[in-house]
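Below are two complexes that have chain A in common, paired first with chain B and then with chain C.
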Partner chain A sequence: MGASQTRAEHQYQDLADKTGFSFEQIKNLYQRFQQLSGNEETISRANLDSIPALANNPIRKQIIGAFFDKRNQHQDEVGSCDQIGFEQFLMVMSHFRPPNLRTTDEEKEAMRKEKLRFLFNMHDSDNDGTITLAEYRKVVEELMSKSGEIGQETAKAIADAAMLEVASINVPNMGPEEFYEGITFEHFEEILKGLEMESRMHIRFLDVDTSTMRCGKSQS
Partner chain B sequence: MAWFTIPVENLLCRCLCIFITVWLTLLIVFIMVPAVLGISFGIRRLYMRTLLKIFEWATSRMEMGAKEKNQQLYKPCNGIIAKKPPTSLQQDLKELRGSASCPRSEPQFEMADIFFFCRRGVESILDDEVTKRFSSQELDSWNLLTRSNYNVRHISLRLTVIWGLGVLVRYGVLLPLRVTLAVTGIGLLVVLTTLLGFLPNRELRFSLSEKIHLMCHRICVRALTAIITYHNRENKPKNGGICVSNHTTPIDVIILANDGCYSMVGQVHGGLMGMIQRAMVKSSPHIWFERSEVKDRHLVAKRLSDHVADKTKQPILIFPEGTCINNTSVMMFKKGSFEIACTVYPVAIKYDPRFGDAFWNSSKFGMVYYLLRMMSSWAVVCSVWYLPPMNREEGEDAVQFANRVKAAIAAQGGLVDLIWDGGLKRAKVKDAFKEEQQNLYSKVLLGEQDERDLGDDQH
Partner chain C sequence: MENMGTILVFAVVGTLWNVFFIGGMIFAVCQIEGVQLAGVDLLSCLLFGSIVSAVDPVAVLAVFEEIQINELLHILVFGESLLNDAVTVVLYHLFEEFSHAGTVTVLDGVLGVVCFFVVSLGGVMVGAIYGFLGAFTSRFTTHTRVIEPLFVFLYSYMAYLSAEVFHLSGIMSLIACGVIMRPYVEANVSHKSYTTIKYFLKMWSSVSETLIFIFLGVSTVAGPHAWNWTFVISTVILCLVSRVLGVIGLTCIINKFRIVKLTKKDQFIVAYGGLRGAIAFSLGFLLTDNERKNMFLTAIITVIFFTVFVQGMTIRPLVELLAVKKKKESKPSINEEIHTQFLGHLLTGIEDICGHYGHHHWKDKLNRFNKTYLKKWLIAGERSTEPQLISFYNKMEMKQAMMLVESGSTAKLPSTLSSVSMQNIQQRGSGNRRAIPSISKSREQEIRKILRSNLQKTRQRLRSYSRHDLMIDPFEDNVSEVRFRKQRVEMERRMSHYLTVPTNRQETPSVRKVCFEPEHQVFTYDNSESPRGPRARPDPGPLDAISLVSESQRPNQSREPRAKVPEEQEEQDQLKLSRCLSDPGPNQEEDLS
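Our next item is the complex of A and B:
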């Protein structure tokens, strides 16, 4: 009983250092991981697909893809995997951690860059480092309805206009013959410079102080 | 030394005989006779109160142990993330766009919108209302079962001893006793109902069959050490109606049948279950379907309607969720049973999780393992509320009626009322939901589009 606990603690400590989550948060997340995986060691795409609340989301495929994308693991690998373990799950979740009071400005900048990178990877589906017109168009189409309000033509027009705007901001002196390859990460960063991301792209993970709070299911 | 050993053997034999006699007498007097007659000595409730005291003591010991080591007792929490109160898509997008420095840029808006959906998506992955209903509920205090303990580090020696005693009692004393009772109960049911099938007189057969069913179910209830509290018994289902209830475990049937006679509905099984079904149907009208018939909804509806129309037949017992849910919520009711024109008697069943987890997680373990788990828990404690009968109102269709009944059951039992289908345990969600959100987002953009068009026209 004692030995196995310290091994798990050791492992959690490693994970806590790597991802920045606290011990309690990692334990909660591990329980969630177990729920999603059906008590297996790894999660597959089908496990995430079966979450009903996620079904509402127009970019569900991209979000699920992000979990299986090796680029989000910060290990300089590319490609995607079929199954992810708990560590990879945590690494992806760590992109959504908010900065706390102790985070320095440098760290905040690094976190912002990480979040931008995450979003960039979601658009850039062929891993070539640029978001081409086709890729961007695909994302816009996913966001919008394939029928009814906005037809595919309008989606295309919006995507085209968007790319044009990006091009005009980043490469202002582009001649008429030049072809805008695609949005690179630097251009992406430039576009979203003004957007305050720290509060937009984070999720408040509960870190409960269990000695003072009784947080069980109170209605049972 | 021969003269020495023989008396000892005699003594041993005699002791054993006395022990067995006493044991059987106790069994018959305290369990079988009350079951047959339908009375209760209150032994189980005394047992329940004692257990509760022991559990509280165990939890306080663990808390003390944790405090000594200056660590925190891990208490399972209700959620991983703090969710913002639900706002509409329009409001959230406005908020998102408001923070952009450049007010006109189109691409900035589009790209920023991704954040919103991305965050929402990850939030659902972390904590959604449905997936957690398909695994067992988590407890605040420890009930001396290793199945439900998260604080393995804080168990002192004293606690371990008590836990060991608990294991001995549960597996050595309670489990064999319960298995014997269960076998007796089922055996009696099969034998007596078959015998009853031979009786020519219909009236006699009916009244006797009721008594036999009740008796056997009472024995089964004692086999599980189920401590049931029935509320509002004046609302008990009457003949010619349908009784609907939330579904947590197959034991629900025994719990309800302990207090009244119902006609069961279900598929024909093979093996032991099949034998029990065939025996039961000889003495009272249950509705068993062949596998092939289940798919034919009209046939099913017709058989149910015919049964309900005959006022001498017992009320039908149906579980409209279609699958077992973990007793913290009520999921979508299938509308089939609500299309039949008759009175619906809703019943809410709520299990007390402190004594044993009654939820049957059919993807985790099979029926036999589940029954063994149930019989080696401390007890099954539950409350049954009979709700006032409901009828379909004018202009209400089956789905609305089903939702109304579901809301009543959820409110009474203190369960969360969800619109999701319990079938999601095994199947995937339809794409229709995704399309709804896409439409909504498109509408928002179209609004923006109109503004931009107006602006462009002026050039």
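Our next item is the complex of A and C:
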């Protein structure tokens, strides 16, 4: 027990430094990872797909896709992979950490950029660095897909209006001949700066072990 | 919603702390020799504490509205002031009973706690019942819009009265009723009724607030006073001290459970914003007459004056000095709305992947419950299945349409900050798309049917006046009609961008006239849209005529083909209009808000 314990701790230390989680949180997430992967080393899309609670989520494909997207690993790779290990799982999760009292303003800025980058990657499916009108339309359609039969027209109209808004805020003096290619990351940041992502885009990661409390939940 | 826990802790625990601290310390002060206060016993002191420690919603609202502080703090202090009513009511009655009964047993203490839960939860339930009743009623008022505001006021007041009759907390019942009624009534009620309700309530609350403070002032000047320096001064000091201590202590505990922690600045504002007001005064006034009542009243009035005047007046410069975050001026942006929803779903999804039930999970569950059951019962017509994004979008469109009307003639449109139009974001590969896009036969039939039915609907409006009918204004009844109209207007504007119309700006004057001569104008618009409409009409300028021509070729309402129409026209006409007619888009709000 002793040797493996220190090795695990050493590993955790590594992960903690990279992702910023605490040991307790990493342990809990590891347990969840084991649960999801069926005690394997990696999880695939099918594992995540089978979580029953996600069935009602209109954007689950994008969420699952984000886990397998190499751009979210901060290693300048692109493309997607089929299986991810625990470290990659943690990297994706680390995008959702909240700021704490001691985070300085620059760190908050960096956090916000990181989170916005995550969102941007989710929208920009063909990885060309811009969100085109077609991609944005797809986003709106997916968002409304679970809310009953919405006309395609309405979804298109909303996406068009949104795109128009982005264009008007960022490039106000466009001539009628020019064409707005798509939303770049800077424009994306600009339009969402009112939302204060660093305080909104986070979930509460557990510091205590709740596996014993999760009785009756499905073992997915 | 995430702050509910914090608010409750502040309201309940904070108020309790205040009561016992102030009561106890005052009693200690009274024990000091030579202050002539020996006659005041512990129970009276506790009673006095319970009166004077409740933060008052009226005073808080009045002051915080002005300083425009950020949402979080506003909600915290205001929420606390509302929810501590239950605590105050219970404690007040409790101590009053005790001081008459003379002795206090442990049983009484336990009963007091039970009483607190009954009062607050009972109040909330009563309010909820009336809230649902109100929402349900508003579902059926589509034909008699006049009584909608009446129902809202009635149900709210009934909620308050019923709760008070049973000695439950009237304020909590009122809050619950309002919170529950609001989303459904807002969806059901007409725009005019909504405005009426909003402004009538504002007026009424303004009047009541003023009356309360006038009464306070008059009693100050006229009432019997028993001034006792020690008592009054120690009360004021103790109020401040206990508030500060309470807030600091509670924040330490609360911050362990919050994700977004409260900073020292926030704590200061929460502590400093704890103003006492009329509730304290009325409770004091209701005390049974004895020789201590006057002294208590004097002290209460002094505390109220001190907090309202001194703290109320200085909070604004302090807010500036400390650079506390202010409320951000946000105009509704559809991108923000899309992303707020997106974020909600994303976070729920991640929580599900993580495997624990957090805030987002429960919020999502509540939303889904709301959608599947409640909305069906409580919202009239097809709006019950409208997803939130669409209602938001509709609201924005309506606002834009209204602003368009109010802004008057196009000549007055301020030089738009952006000349971006639909043209710029549509795909450029339009070379082969010049041909008229073929719409399926069925769709065309559908569209013709819609146009025809709208035309018929407007023809059927009678111009009879009766006390129970409102003059039906075309902007009124139907969201879709407004959207319809708005799209017309916008499309015309866009077309004028490319057409060689000698700048005939009659378009908007006729829009403006819609408000005054509904009957007349409605015909103009709808007729110009219908493919079979008579061409000779009194008002439309050449603008409408051209739109007639182009529309009759392709009568459809989606935007994409319309964007192609300008290209079509452009091909025919070489001249372009000045760019000030281009689509101002959302910037319109910027200029006119």
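FYI, the second predicted complex is superposed on the first by the 202 of 220 C-alpha atoms of A that agree within 3 Å, B and C clash if a C-alpha of one lies under 4 Å from a C-alpha of the other, contacts with A are read in each partner's own complex, and residues count from 1 in each chain.
Note that a contact is a pair of C-beta atoms (placed from the backbone, for glycine too) under 8 Å apart; a residue touches a chain by one contact, two chains touch by 3 or more.
None of these values were measured; they are calculated from a predicted model.
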item	value
Partners on chain A (chain B, chain C) - clash or fit	clash
Chain B versus chain C as contact partner of A:N39, first or second or both or neither	first
Partner chain(s) touched by A:D49 [first = chain B, second = chain C, both, neither]	first
First, second, both or neither for A:M144, with chain B first and chain C second	both
Contacts of A:E109 with chain B and chain C, given as first, second, both or neither	neither
Partner chain in contact with A:D14 - chain B first, chain C second, else both or neither	neither
First, second, both or neither for A:K27, with chain B first and chain C second	first
Chain B versus chain C as contact partner of A:E77, first or second or both or neither	neither
Touched partner set for A:V166, first chain B, second chain C, both or neither	both
First (chain B), second (chain C), both or neither touched by A:L133	second
Clashing chain C stretch [against chain B; choices 276-284, 294-302, 312-320 or 384-392]	384-392
Shared chain A surface residues [contacts with chain B and with chain C]	29, 32, 35-36, 48, 51, 53-54, 56-60, 63, 67, 93, 96, 119, 122, 139-140, 143-144, 148, 150, 154, 158, 161-163, 165-166, 169, 191-192, 194-195, 200-206, 210, 214, 217
Sites on chain C touched by chain A in the complex	255, 259-261, 263, 328, 330, 333-336, 338-343, 345-356, 358-361, 364, 368, 371, 385, 387, 389-390, 393, 396, 417-428, 497, 558-560, 576, 579, 582-583, 585-587
Contact footprint of chain B on chain A as seen in their complex	1-2, 5, 24-25, 27-29, 31-32, 35-36, 38-39, 48-60, 62-63, 67, 93, 96, 119, 122-123, 139-140, 142-146, 148-150, 154, 158, 161-163, 165-166, 169, 191-197, 200-206, 208-211, 213-217, 219-220
Chain C contact footprint on chain A (complex, rising order)	29, 32, 35-36, 48, 51, 53-54, 56-60, 63, 67, 93, 96, 98-101, 119, 122, 133, 139-140, 143-144, 147-148, 150, 153-154, 156-158, 160-169, 171-176, 178-180, 191-192, 194-195, 199-206, 210, 214, 217
Chain A-facing residues of chain B, complex	72-82, 96, 99-102, 105-108, 110-132, 135, 137-140, 152-153, 155, 328, 352-353, 363-364, 414, 420, 424, 428-431, 433-439, 441-443, 445-446, 449
